[in-house]
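What follows is one structure encoded as C-alpha cells, with my remarks underneath.
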C-alpha cells in the first residue's frame, strides 16, 4: 500500500479540484475516482462573498486528505508564506510546493524549490515538491527534508502525457525507495497507466478530469487506469521484443511445414 | 455495449490462451480479466494423448465465447480448411482468420486474407480477420463479408504497443461504424488503454498476460486498462495543448502580481 | 553508386515538380538540389494554351531523368492508360505508378498496384510503384516485375516524416538487394537523413521543397541531408545505448577519485 | 554566420577529440567535418611520457579553435581549478564547463554549474556550460555571465538523439538571441539536422564520430547534416499536416472525376 | 457532331482524332490522346474515327509529385 | 497399407477415415480430420476410403493466440 | 486610514488586523492573513496593528490543481 | 621528502613545484600544476614550496568530448 508521510493510502490517484464546471461535478469526480487526496489552494477573498467557506465545506464533506498547493508563487518567500497560511486554514502540515520559474512553461524553479523546501521542512511541513525530472534537484530536495517527490509529466495543462520517459525512468531507478508522484501534464488514462508501469507510486490529475465532457466518468477512467498500471507493474511487464514471436505454438499447426 | 456478429458483450477484452505456465494459471487469468471471448487453435493430435480433450474441457468450463484461429496458415486454402475443421470441433461459426505472409514479421498477407475471407463468408463463417492497418484492405474485407476487423498493434509477440498510431487512427476515422479490435503487439496495460482511447472497440491480448510474472494479476490489469481507456474515450479526452495552462486559477493567487 | 533500372545516378535525391511558386524557382530548386530525377505528370490541355509545352521545355532544359507519375488514378485501368500516354509524351519507359485507394489519406491501393504493375511490366515499362510499407505487397510487386520499390514515409503532403520506422526497417531488412526509395510525407531534411540512415537508397521530395519559404535553399538542404544520411549509413552508425558513457576518458581526470 | 564570444565561425559543427582509434583518424575526422572548434581536456601526465605533448601538437596543427572542458568534475571547486589549468595550458579563455551531478546518467548539476559559472565569468573566462534543458537554469547561467548555452540532447555517449524535443524547443523559443549548442547524446546525422531545424545554432559531437566504423566519413556526414539542418531552418520548414494533400494537382488529372 | 472533349461538350467537324488535334492546334508531339478511356497512340490518331458522343481526352505535360 | 499420418509414416489396416480414428482411439467429437490437405467433415469419415500413400491429418483443440 | 486590501485601496477604522476581519465580516477560522507580504497567524491578528499604507491580504480556500 | 604525486606516493628532493617539474622532465609550457587541490600558475611554481605529505598534480593536454 502507498504510504506518504506516514499516512496509508489505498488509492494511488490524487485529484486537483480546479476548473470543474460545477461544485457538484467536482464532488462526483472525486467520489468516482476513489482518490483519497485532493489538492486545494488559497485566493484573495472579497469581503462578504464567503465563496471560500462554501468550497471548504464541500471539500470537508468529501472526507479525503487535503493537500494545499502554493500555485502561482514565483519566489521561495511567497511560497513559504502561502504554505504557512495554508497550514492555518486547512489544518494540515502537508504542502504541495510550487515555485514557478517561468510563466510561459510554468516550469518549476529548481533553485527556489530547494530554498523553500529547506525552510518549510525545518518549520515542520511535510513537503510535496512539484519539480522537474532533474536527478540532482531530486537529491537536493531529499537532503532538504522532502520525503515525497512530484516530477512533472509535461507542462501543466498541456495533456501531453509523459514528455520525457527516459528522464522519469532514470529518476525512478535512481531513487527506488522514495515515493514518486507524476504531477502535471497527464491528459489521458493511458498516460497515467504508463506512469504507474514505470514504477511511479501515484499520479496527480486535474485538467484532464475537470475539462472532460463528463468529469465524473473521466475520474472513474483515471482511477481504473492507475490501478491497471500499478497491477501491471507489480505483475511483471514483458520486455519489448525487436522481432515477432508467434503466440500460438507453430509446431503441429494445421498444414504447417514444421510438422 | 459491444456487439460482435450479433452477440452482446460486456467486456471489451479478448484473451489468447497460449503460452501460460499452466492450465490453472490460464483459467485464473481468464476469470480475473473478465474476458468473454478467448482464442483457441487446433494442432495435430498424437494417438492416445488426449491432450486436446483436456484443453477443450478446461475452455468449456470457463463459460466464454470461443474464437478459433487459423494461426500458422500461409495460404488462403490452408486457412479455409483450418477454419472448417475449427467450426466442426469448436461448434462455432466464428473464426479469427490469420493468413501469414511473412514468417519473420508474421505480417498478415492482404491478398490471402481477402481470398480466404470471401470463401469463408460465403460458407457461413463470421470472420474476424487479423490484418494490417491498411485502409484499402479493410474495405476489401468488408466487401468480402467481414463485419469485424482486427488490425495489428505491432508484430505478434513484440509487446511494442501501437506501432502506427496515425494508421490506426485513420482506420478508426474511416470506418466509424465497424467494430475494430486491436490484435497483436500490445505489451502493457497503457497500450490497451491507448487503443481504447483512439476509439477502438476492443483489444485482444495474449503474450503480455501469459508471459507476465503473475498472469492472473496482469489479466486483471488489462481488464481494468480496457475499461479505463473506453471510459476515457466516452468521457471526452482533452485535446493536447502546445503551451502550459495553469490548472489553479491565477487570478487572486497569493502575492500574485495579477491581483 | 545508385542504379535504378540500369541507369547510374550520383544523387540519391529525387524531386517532384509540383506546387512551386514559379517555373524559375522550380528550375533553381532542381539545380541546387543536385537531383538527377524529377517527377512529372499529365493533365488535360485546353485548346491553344500550350502551357504543357512550356513546362515540358523547362524540364528538358534541366537535363535530368524524367519520371512521369500516374497521380490521381484510382484504378489499375486508369493508371495503365495514363502510363501509356506518359510513355509517348515523355519518351521514357519509366513510370511512377500511383493507384490511390482512399481519397482522404491518399493511401496506395495494394490490389490495384499489383494488377497495374503486372500489365505495365509485361508491356515493357520500368515501374516505380508508390506503395505502403507492406512486406507482402512488396513481394508481389517484385514478382510482378518491379525492380524498384517506393514505400511512403507518411501520407502525401503531411510532412510528418517516417511515420512507421519499424515497418520501413523491416522492409529494408527483408529486401536487402532491392533499391528502395522513400516517397511522400518527408517534411524536413532530418527526415530524409533518417531514411538514408535506415539504409534506404534514395528519397523523393516535393511539397517540403516547393512550399518552403525559399525553395532553392530548401532543395540544397535536402541534397545535403541525403548525402549526410547516406554517408552516415555507410560509415557505420553507433548503436543507441541505454546508459550514459563518458566521452572524455575518466581515468586520470583532474581531481577524479578514479586517479 | 555564427558568432560565439566574438569569434566568427563558418561551421556550426563542433567536434570532440576523444575515443578515436588513432591520432591520424582524429585529424582526418576534424578536417573532413569542417569543424572550427574542437574540445580537449586535461589529464594526469606520467613523468616522461610526453603523450600530452604529442596530442597538443596534433591539435595545434589542425588550426582550429580549442575548447577545453572540465569533464569528470563533480564540484564547482574542481571545475574552477580545472578551468584555470586549462586556460594556462591551452592559452584560451574559453571553457566548456561540466559539473556532473550524477555518475550514472552524467547529468549536469544545475547548482554546481551556476556556482562555477559565476566564479569563472568573474575571472574572465568565456563559459560554455554543459547543462540540461532547464529554462530557469538557463536564466541563471546567463545572469552568471554565460553568453552561450550548451544543453544536452541526451545523456553523454548514448546516441539517443534529442531526448526531450519539447524542452529543447521551449529553450530555443525562450532565448531567441542566445547562441544555443546541443551537446551530448547525438548519435546520427539526422539527430544533428533535427537540432538545427529547431533553430539551434550549433551541435557538438564526439562519440558518434569517433566510434563510427569510418570516423572520417562520419565526420563528413555530420558536417553535411548540420549544414542541411541549418539551411532547412533558414529556408522555412513546412508545418506538419494532419491530413494528406496531393502534391500533384488533382484538377485535370487523367480520367479524374474532378475534370 | 457533338463529342465530350476533356470533360466538356464540344462541337466539331473532325472525323478523326488527328484532325481534331489539328483543328484545336495542339502540338502533336507534346500531347497524348485517349478515346473513351483508352489510350490512342500518336501513330493511330489518323486512323481513329470519331463518332457522335465520343469521349476524347487530350493531355499535356504538367507538374507532378 | 502405408499412409502419412500427421506428417509421419503410419501402417494401418483401416479402410476408411472413421476406422483409422477408431483404431487410434481418438474421441470422434473432439478431433477434426483432413485427407490430402482437404477437410473431411465428421459425417463423411465413414464413407471416405483410404488408399496407399494418402496424407491424413487429425487435429485437436489447442491453445491459441 | 487608507490601506491596500487585497490589491485595492480600502478605507478603514480598524486598528488591528483582527478588527479589520470583523469589520469585513470574514469567518476568522476560514481565512488566512498577511501583512506587508508576511503571514500573520490567527492568534496574532489581535495584536497586529494597522498603519496607514499597510498592505493587507486575506485569503480563503479555493480550488487548486 | 614523501609527497603524493598524481595520486601515488613519490619520493623527491625538490623543494619547489618548479624543481619537481624539472626533476620529472616535464615540458613546463605544456603542463598545468595543482597543489593540494588548488591550481598553481606557471609563474608561481618557482616560489611554491613543497612540504612532506603535499598532494601535487601535474596535468597535460588530452583528448576530450
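Note that the chains take the letters A, B, C, D, E, F, G and H in the order they are written out, and that residue 1 is the start of every chain.
The working rule: contacts are C-beta pairs under 8 Å (C-beta built on N, C-alpha and C of every residue); 3 or more make two chains touch, one makes a residue touch a chain.
Computed from a predicted structure; not experimentally measured.
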Point to revise | Length of the shortest touching-chain route, chain E through to chain F | key: 3
Revision key, fill the gap. Greatest Cα-centre separation from chain F belongs to chain G
Check your understanding: Comparing centres built from CA atoms, which chain ends up most distant from chain B?
Key -> H
Check your understanding: Any idea whether B-F or C-H has more C-beta pairs in contact?
Key -> B-F
Exercise for review: Averaged over CA atoms, how far is the centre of chain B from the centre of chain G? Could you give it in whole Å?
Suggested key: 62
Exercise for review: Just give me the whole-number Å value for how far the CA centre of chain A lies from that of chain H.
Suggested key: 53
**Study point:** Approximate Å spacing (C-alpha centroids) for the pair chain B, chain H
**Key:** 70
Practice item. For chain A and chain G, let me know how many angstrom lie between their CA-based centres, rounded off. Key: 33
Practice item. Identify all positions of chain A at which a residue touches two or more other chains, and write them in rising order. Key: 16, 18-19, 41-44, 69, 71, 78, 81, 85, 104-105, 155-156, 160, 206-207, 246-249, 252, 254-255, 259
Check your understanding: What residues in chain G touch two or more of the other chains?
Key -> 6-7, 34, 37, 57, 59, 62-65
Point to revise | Touch relationships between chains, expressed as pairs | key: A-B, A-D, A-F, A-G, B-C, B-F, B-G, C-D, C-E, C-H, D-E, D-H
Check your understanding: So in the complex, which bits of chain F are touching chain B?
Key -> 6-7, 24-27, 30-34, 37-39, 41-42, 57-65
Check your understanding: Contact residues on chain D for chain H in the complex?
Key -> 16-20, 26, 39-48, 50-53, 55-56, 59, 68-69, 71, 77-78, 81, 84-86, 88-90, 156, 206-207
**Study point:** chain B residues within the chain A interface of the complex
**Key:** 16, 18-19, 41-44, 69-73, 78, 81-82, 85, 104-106, 155-160, 184, 187-191, 193-194, 197, 206-208, 210-215, 217-218, 220-225, 227-232, 234-256, 259
Check your understanding: For the complex, which residues does chain E have touching chain D?
Key -> 6-8, 34, 37, 57, 59, 62-65
Exercise for review: In the complex, go through chain C and note every residue touching chain H.
Suggested key: 246-249, 252, 254-255, 259
